[in-house]
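In what follows, subunit A forms one complex with subunit B and a second complex with subunit C.
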Partner chain A sequence: MFGIGAWLHERIPIRGEQLREMTNEPVPNHLRRWWFCLGGTPAYLFVVQIATGILLALYYESSPDRAYESVRHITHEVAFGWYIRSVHKWAATLMIAAVILHQMRVFFTGAYRKPRELNWMVGMCLLVCTLMTGFTGYSLVYEQLSYWGATVGANINETVPLIGPLMKRLLLAGEAYNQQTLPRFFILHAAVLPVAIVGLLGIHITLLRLQGVTEFQFEDEKPDEPRHFNFFPDHLYTELIVGLVLMILLSVLATVFPAELGPKADPLTTPEVIKPEWFFYVTFRWLKLFPGTAAVLSMGFILFTMFLWPLLDGLIRRFWPKSEFSVWAGIVAVLAIVGLTVWEGAVAH
Partner chain B sequence: MQLTTKRSIIGVLGILFLISLIFVQWMEVVRKQEEAGLAKPHIAVPASSQACVDCHRQAQPGIVAHWEGSTHARKGVGCVECHQAEEGDADVFAHFGQNIATIVTPRDCSKCHQKEALEFAHSHHSKGGNILASLDNFLAETVEGHRAPFNPHGPTPGFDVQSVNGMASAFSGCQQCHGSKVAFQSTDGGAINVDDLKPGPDGKPTNSEAVAKIARNQDQKPLFHAATWPNTGIGRLNMDGSRGSCSACHSRHDFSPRRARQPENCGKCHLGPDHPQKEIYEESKHGVAYRDLREQMNLDAESWVLGKDYNAAPTCATCHMSANTREPATHDPGERISWTNRPPISLRMDTDAEHKIVTATDPVEREKQIADTAEQKRQRMKNGCSHCHTPDYINGFYKQYDDLVVLYNEKFAKPGMQIMNELLKQGLRTKTDFDEEIEWTWFYLWHHEGRRARHGASMMAPDYTHWHGMFEVAERFYIHLIPQAREIAKHAAEHGKAEQAKAVNEVIDALLARPEHKWFKEGAEGQTEAIRKAMQERYGQGGGEKK
Partner chain C sequence: MGSAKEFRTPTGAGVTIARQQTQGSVEDFIALSSVCPHLGCKVHWEAQHDRFYCPCHNGVFNPSGLGTEGPPKGQSLGRYPLLIENGLLFIEVELEGLSASEVLGAKELS
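This part shows the complex of A and B:
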């Protein structure tokens, strides 16, 4: 054993103490509260997505002629195919929900403030990448929702002034949905976006480690108690519990509500009702409320404002240090998001 | 929280996760067993149908057992979903708290199977009920039977026969394939059908007087006219105005796709002396391959696409209706058929927007009316053929088929029709069909033998094309039809109708003077010699002694 240890140490010159130091950073007490673990949840679900995604990619075929059939084959014929596909679908839903909840927690606790502004921006990029992965994901099935969702999505992009038509061409690989569109979506979904997410996650976690976790003190904490606890094994156990609960939840959802297969894409038949996945309900309702370009530009503006929020908030707080503006802005934003989502979900058209 | 507590929670959650994976494994095993036919599929009886299932399991266990084997049962479609009726429907009755109807019509099926119902409505299948006013039905209702009940000749020992139902042959014969005009018993002893109910666009009757006259039992269940129900004829005329019966092919109550894919299913009606498609198929290479390779046909598969799910052999459904990798499935077999061989003279399947065959002869007028050409239909069929045959092979086959149809049309059908029309024109036969020998002769020629020849060629069955087909057509034409027409003319000439007889004889003479009929009048010694010589050269023997 000693021989192997020495051999390894020669090649990976890290000492035990260094490893402990790296992995065992003291964790602030507030992380004992489960809702502060939401940041790890999307990362955990991302790993699930990578694993199930690789398994699905073994059978998936990205040409329009074969895509739907290959998904049908996965769902109905491949051993455990229905389970893997259902877990993939539910993990995507939960991942997006977890990202949004994590972002809300960071926002309302002001954890994006100096010196963590850049990490908030990285987080915003992660949110956009996650949503894009969701969009390209359900486009791959090549059911009616996939085809028309992609077409509508591309048409929305087209309304952006100046670069709109180029964006549409880039997305669809042509002026309209064609043989190259689906392979492009597949490459985005299974290669470009996951790699981008891995890179951004790396930066996100590195910045987190460099700056440390924002520390909060709650009123019920006793002042004489230690303010930190060990990452290993204490916090790791908490993450393990969250992970196991998630896996059980995914298994239950996948078995009770397995992923279904809608009608195959038919470019000649526009469905009476086109609705994207729930996480785009906000955008969809917004687009219905305002005319084309205005809706797209305002949406872009809102996204850009969110991206720059730590800087804007810094400015506001410089002039009005006691201002609670960001909290109220956050409450309005959450109510608007929930309201628009419920509105879109509740109506038929 | 203490670390030991966390460890315990992790342990418990770990076990729960493992249990969830075992559950997944169990689901997978059950799924595979169901697929392999080793286990009964999981059935979830919808709450609204639970009472039906519980009661009918005792009363008609077969119905429930069949339903349990259906895709409907697996997908949660129960009794009520299909049999549900609304207040105002002609056939609605309250049955243990549910408003239901006995007959499920294509209108009912279309609630879920809209595309299929629409295709079916365009098909010739859905118009099968048109036979009720046709020559064929005249045979059953008048020639074979009688349109009104009549008195028996004498007693039938052991069976009380007060009157004879003259329509029995039509009801039990024609209408079981073509479809009946479903009727209720009327309180005045008559029958109430779609013509009386006058359904509106929503299928509900508009004639409340007729509805009020529907006879009902003590539970208010409407009583069917026994002659018209049960019936699963494919062109059934339903009381809601819809036409057809989906269960003609998708037998209730399991609605098995497997069965609909097999030729035996079509063979309920497509067989016999007048259109032996089933027997023709069995004789063809297609049928022979199917019989041999049936186990490789993947008949149980949910998706059944030629070129993807199976390649072993085609069945009727494969070529005429089912999906292949180049053509979607259709419930209108006519979408792939380029000739109709049903009438005395075959017609090209150029159809108008209403899916009716365009009969105009003027090319400009035809082009104006045609919405879907025979050639387009043929191309759809070829898209299926091309999974197993090369384009040259397919085109070669169609050339042979076209040639046979045209030969039949031109050598026998059109001349035969000309003779029959001339006899009628000259008053030498009555307008009533089947009351003269020559009318039976002509009917045999086109309706039985002529169809056999054409259908035989359409599905590559040489024996049906020749011996059961063209050989018998020729015999019927030369040995029966021509002599009978001559005999009628002779009889007419002897009874003061010399002009009329002359006209008929002139038509026959002109026909027989044509090169293709010359042999019959002038003999064909030269031709038989030539054939014998060719045989001698090719095979070294003379093809039999000269008689």
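This part shows the complex of A and C:
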């Protein structure tokens, strides 16, 4: 045993205490509350997506002629195909929900403020990548929603001044949906976006480690209590419990509400009732409320404002240090998101 | 009069032809693209409401193809030229992007 240890140490020259120092970063006490662990939740679900995604890719065929049939084959004929596909779908839903909740928590606790502005911006990039992965994901099934969602998505890009037509051509591999469109969506979904997410996640976690977690003190905490606990094993246990609960939840959701297969894409007919996945209800309703370019540019402006919010908030607080504008803006934004989502979900058109 | 028929061009584009008058000339008819000018979904004719409707974002067009409600308000559905020869109604459509055999096939069909 000693021989193997010495051999390994010679090749990986790291000592036990160095390893402990690396992993045992003191974690603030508030992270004992699970809702402060929502940042780890999408990361965990992302791993689930990679694992189930690889299994689905073994059988999926990304051509318009074969895609729908291959998804039907996965769902009805491949052993446990229905389960893997359902877990993939539900993990996507929970991942997006967790990203949104994590972002809301960070926003309302002001954890994006100096010196963590850049990490908020990296987080915004992660949010956009996650939403794009969701969008390209349901486009792959080649059911009616997949086809019309891709068409509408590409045409939304086209309304952007100057670069819009180029963005549309890049996305569709042509002026309209064609044989090359679906392979392009598949490459985006299964290669480009996941690699981007891994890279951004690396930066996100590195910045988190360098800056440390924002510290909060709660009223029920006693002043003489230690303010930190160890990452290993204490915090790891919390994350493991969250992971186990998520695994059970995913399995239950996948079994009780398995992923279904809608009618096959028909490029000649838009169905009478058509809606994207729930996380795009807000944008879908927004597009119904305002004319094309105005709707797209205003959405872009809102997204850009969110991206720059730590800097804008810093500017506001420099002039009005006691300002609670950020909280009120956040409340209005959350009410608008919830309101538009419920509105879109409640009506057929 | 007042009815609409759906046609498919050789490139696969949907065309709705409606008869709006009965004077016996080509002006009686209108041929409109079924592609919504908003974000590219397919509109369909709703005879009960005398309108074209786009289910994606609730776009409404009058029988002449002009957007009257929803995001495409003020925009129009694309219009195809029509002509009548020997009592037959012809729609002029682009054949760009089709192979030679598809164009010949289309001509034989027409």
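Everything that follows uses one rule, which is that the second predicted complex is superposed on the first by the 349 of 349 C-alpha atoms of A that agree within 3 Å, B and C clash if a C-alpha of one lies under 4 Å from a C-alpha of the other, contacts with A are read in each partner's own complex, and residues count from 1 in each chain.
The working rule: a contact is a pair of C-beta atoms (placed from the backbone, for glycine too) under 8 Å apart; a residue touches a chain by one contact, two chains touch by 3 or more.
The structure displayed is predicted, hence computed values, not measured ones.
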When subunit B and subunit C are modelled together on subunit A, clash or fit: fit
Which superposed partner A:L210 touches (first subunit B, second subunit C, both, neither): neither
First (subunit B), second (subunit C), both or neither touched by A:D234: first
Computed vertex angle (subunit A) for partners subunit B and subunit C, CA, steps of 10°: 40
Which superposed partner A:T151 touches (first subunit B, second subunit C, both, neither): second
Partner chain(s) touched by A:Y83 [first = subunit B, second = subunit C, both, neither]: first
Closest approach of subunit C to subunit B (Cα atoms, Å): 7
Residues of subunit A that lie at the interface with subunit B and also at the interface with subunit C: none
Interface residues, subunit A side, partner subunit C - complex: 148, 151-152, 154-156, 267-274, 284, 287-288, 290-292, 295, 349
Residue numbers on subunit A that touch subunit B, as the complex places them: 32, 69, 72, 76, 79-80, 82-83, 233-234, 237-238, 240-241, 244-245, 247-248, 251-252, 254-255
Of subunit B, residues touching subunit A in the complex: 1, 3, 6-7, 9-10, 13-14, 16-17, 20-21, 23-24, 27-28, 31-32, 302-303, 308
Residues of subunit C that touch subunit A when the two form their complex: 8, 12, 14, 38-44, 54-58, 70-73
